[in-house]
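Written out below as structure tokens is the structure these notes cover.
Labels run A, B, C, D, E and F following the written order; every chain starts at residue 1.
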Amino acid sequence: MKGDVYYGKGIRELEGEYTDLYEVVSDLNSAVWNGKVLDYKTQKLIAIGIAASRADARATKKQIRSAIEVLGITKDEIVDVLRVVLLTSGMPAFSKSLQILNSVVEAIEEGKEDKA
Amino acid sequence: MKGDVYYGKGIRELEGEYTDLYEVVSDLNSAVWNGKVLDYKTQKLIAIGIAASRADARATKKQIRSAIEVLGITKDEIVDVLRVVLLTSGMPAFSKSLQILNSVVEAIEEGKEDKA
Amino acid sequence: MKGDVYYGKGIRELEGEYTDLYEVVSDLNSAVWNGKVLDYKTQKLIAIGIAASRADARATKKQIRSAIEVLGITKDEIVDVLRVVLLTSGMPAFSKSLQILNSVVEAIEEGKEDKA
Amino acid sequence: MKGDVYYGKGIRELEGEYTDLYEVVSDLNSAVWNGKVLDYKTQKLIAIGIAASRADARATKKQIRSAIEVLGITKDEIVDVLRVVLLTSGMPAFSKSLQILNSVVEAIEEGKEDKA
Amino acid sequence: MKGDVYYGKGIRELEGEYTDLYEVVSDLNSAVWNGKVLDYKTQKLIAIGIAASRADARATKKQIRSAIEVLGITKDEIVDVLRVVLLTSGMPAFSKSLQILNSVVEAIEEGKEDKA
Amino acid sequence: MKGDVYYGKGIRELEGEYTDLYEVVSDLNSAVWNGKVLDYKTQKLIAIGIAASRADARATKKQIRSAIEVLGITKDEIVDVLRVVLLTSGMPAFSKSLQILNSVVEAIEEGKEDKA
């Protein structure tokens, strides 16, 4: 379901100490990932595009990993997102995100082989 | 068709004077908007998200206008893009883009009334 | 009081049409401007610094105006914020914000004279 | 005292080789951290906000560490800065800075225990 | 000469009211535009590239105008700078800067005709 | 020659799987690094300035290394680029880039000693 957001360590630690902040972060996530008309997958592709356009390695990696693992988004679909990143944000952002995509896909495949 | 990109004045003027640049810009546009798996509309929503996340008024306006006029993307769909912008980029980018969206929608509706 | 945030037009229009978004934006504002230990004025100075460091004219103007009009923050205090902007973000952001500060201060003073 | 700025390695190495640059960097620091009216602590909180809003890990870590170690700024105060970052810059910048804050606080506490 | 920097209105107004800031801004300009080995023109081309890569209309316009008027830099040279902007920063920054370049060149030529 | 661009791993892997993207990236590089009037070295200095102004460690390192190794650009020349970065982008970007420059120069010198 949409509401199932996997928070990083920083956010989870808010829960005890800064309850008001934790609650507003939860509410914000609920309001965002429950669009009126776009489905979760499309919103996720948009979030990948925004993270990649900033060459933000940490956010791009997190978005790509959960896109593939949780939503079943494919490598080809993410490359199509990165096409828009190349056009709007240039080569450094594109090339960095491409490398992140490749390494995430590789890591997931290795994980599957280990289990097999 | 996807290849039909409407260039701004700056790019159109490249055609005569800087032909090599004009050609590479055209090729870039063709390669970007012809993704393997995502449709044009989804790529456009991603482009809106990237422009809005930077609070880039000029690019956001251009993307939103062509999204509505050429691709028939609705206001509700763009608000769903802006939800992701609010989460990933904060209030100033969200609030600025929301105002641009409202003014573009208004301008288009007024245009229709004038013709009616 | 802290909770008294003056929303721009874009946000106010959310209230009817996109109630869930309006509510989360309100909650976010409440959670932010009610810090545990810092007072509202210090948080406002931080918000000015962030807006100015991005050379975001619209947000800088809004923050500076409400800082002066609502919180009684002085020009000297804002120049001290802009010193940090000069160091961390360079001359274009500093010089743009300085001009915005000067024009806001001037406009407020003219407004007072008109009423006198 | 305000003038006591702890330069990173890159800047310190300027001193011998690029004396004119070293001097202007020193003068810049002096002019910035000696505001007319705001105290050093408030200016430091603003510098943390600007670094965190850019999700600049290196600068955020440096600012937070010197804030705690040199100026005695508390974790709660920095969380109040990060509230403004959440509002103005979104979740990725907020969540990254929160993790940096947690790890810096932890490292400082471990250092104290080691000495005890 | 290199030291001849034309300050905008905001900076000039510092001179009386915030003398220490005005002096450090002057010293900074002197230290920057007096490189050991690169000439002023090359440094100016770099400054144009940085401003344009951010799609910062105000700074791009100022840099381009003084490049052409004071240093005799040509349109072709600036287009070569913008090629690097296209590669590193994408189409919106490139297209916006190209339009600024065209309008500055046009305004300068009209100015010359008026005097003729 | 100008056309000799050394792609990172991410881009090279495009060649087999996403041929259309690989081709447009190649064409883009050719169109950018073959300016009408500026030489390759000047364009490279501009690219360093843009990467450094964003405090983008990965891109700054790549640009600086190929500048020194392939084009024989000197440390003094790059410091002159970083002067412009200090002015336009502030201390964090300047100081980070300076450290990258120092470590790249050191690594290259160590490499030479190893071979000697």
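The working rule: contacts are C-beta pairs under 8 Å (C-beta built on N, C-alpha and C of every residue); 3 or more make two chains touch, one makes a residue touch a chain.
Here the structure is a predicted model, which is why all the values come from computation and not from measurement.
Shared residue numbers account for under half of those found at the interface formed by chain B and chain C, and the copies are therefore classed as meeting with different residues. Set side by side, the interfaces E-F and C-E show unequal numbers of C-beta pairs in contact, with more at E-F. Comparing mean CA positions across the assembly, the chain most remote from chain A is E.
Rounded to whole angstrom units, the spacing between the C-alpha centres of chain B and chain D is 38. Chain D and chain F have centres, each the mean of its CA atoms, that are 29 Å apart.
One simple way to say how far apart two chains are is to compare their mean CA positions; for chain C and chain D this gives 22 Å.
Within chain E, contacts with two or more other chains are made by residues 18, 21, 28, 31, 36, 51, 54, 59, 79, 83, 86-89, 91-92. Contact topology of the protein chains: fully connected, every pair of chains touching.
Of all residues in chain A, only 7-11, 13-14, 18, 21, 25, 28, 51, 54, 56, 58-59 touch chain D in the complex they form.
Touching chain D in their complex are the following residues of chain C: 28-29, 31-33, 35-38, 42-43, 45-47, 49-51, 53-54, 59, 74, 76-77, 79-81, 83-89. Note for the complex: chain B touches chain D at residues 86-93. Considering their complex, residues 18, 20-21, 23-24, 27-28, 30-31, 34, 36 of chain A touch chain C.
Taken together, the chain B residues at the contact with chain C in this complex read 55, 79, 83, 86, 91-92, 95-96, 98-99, 102.
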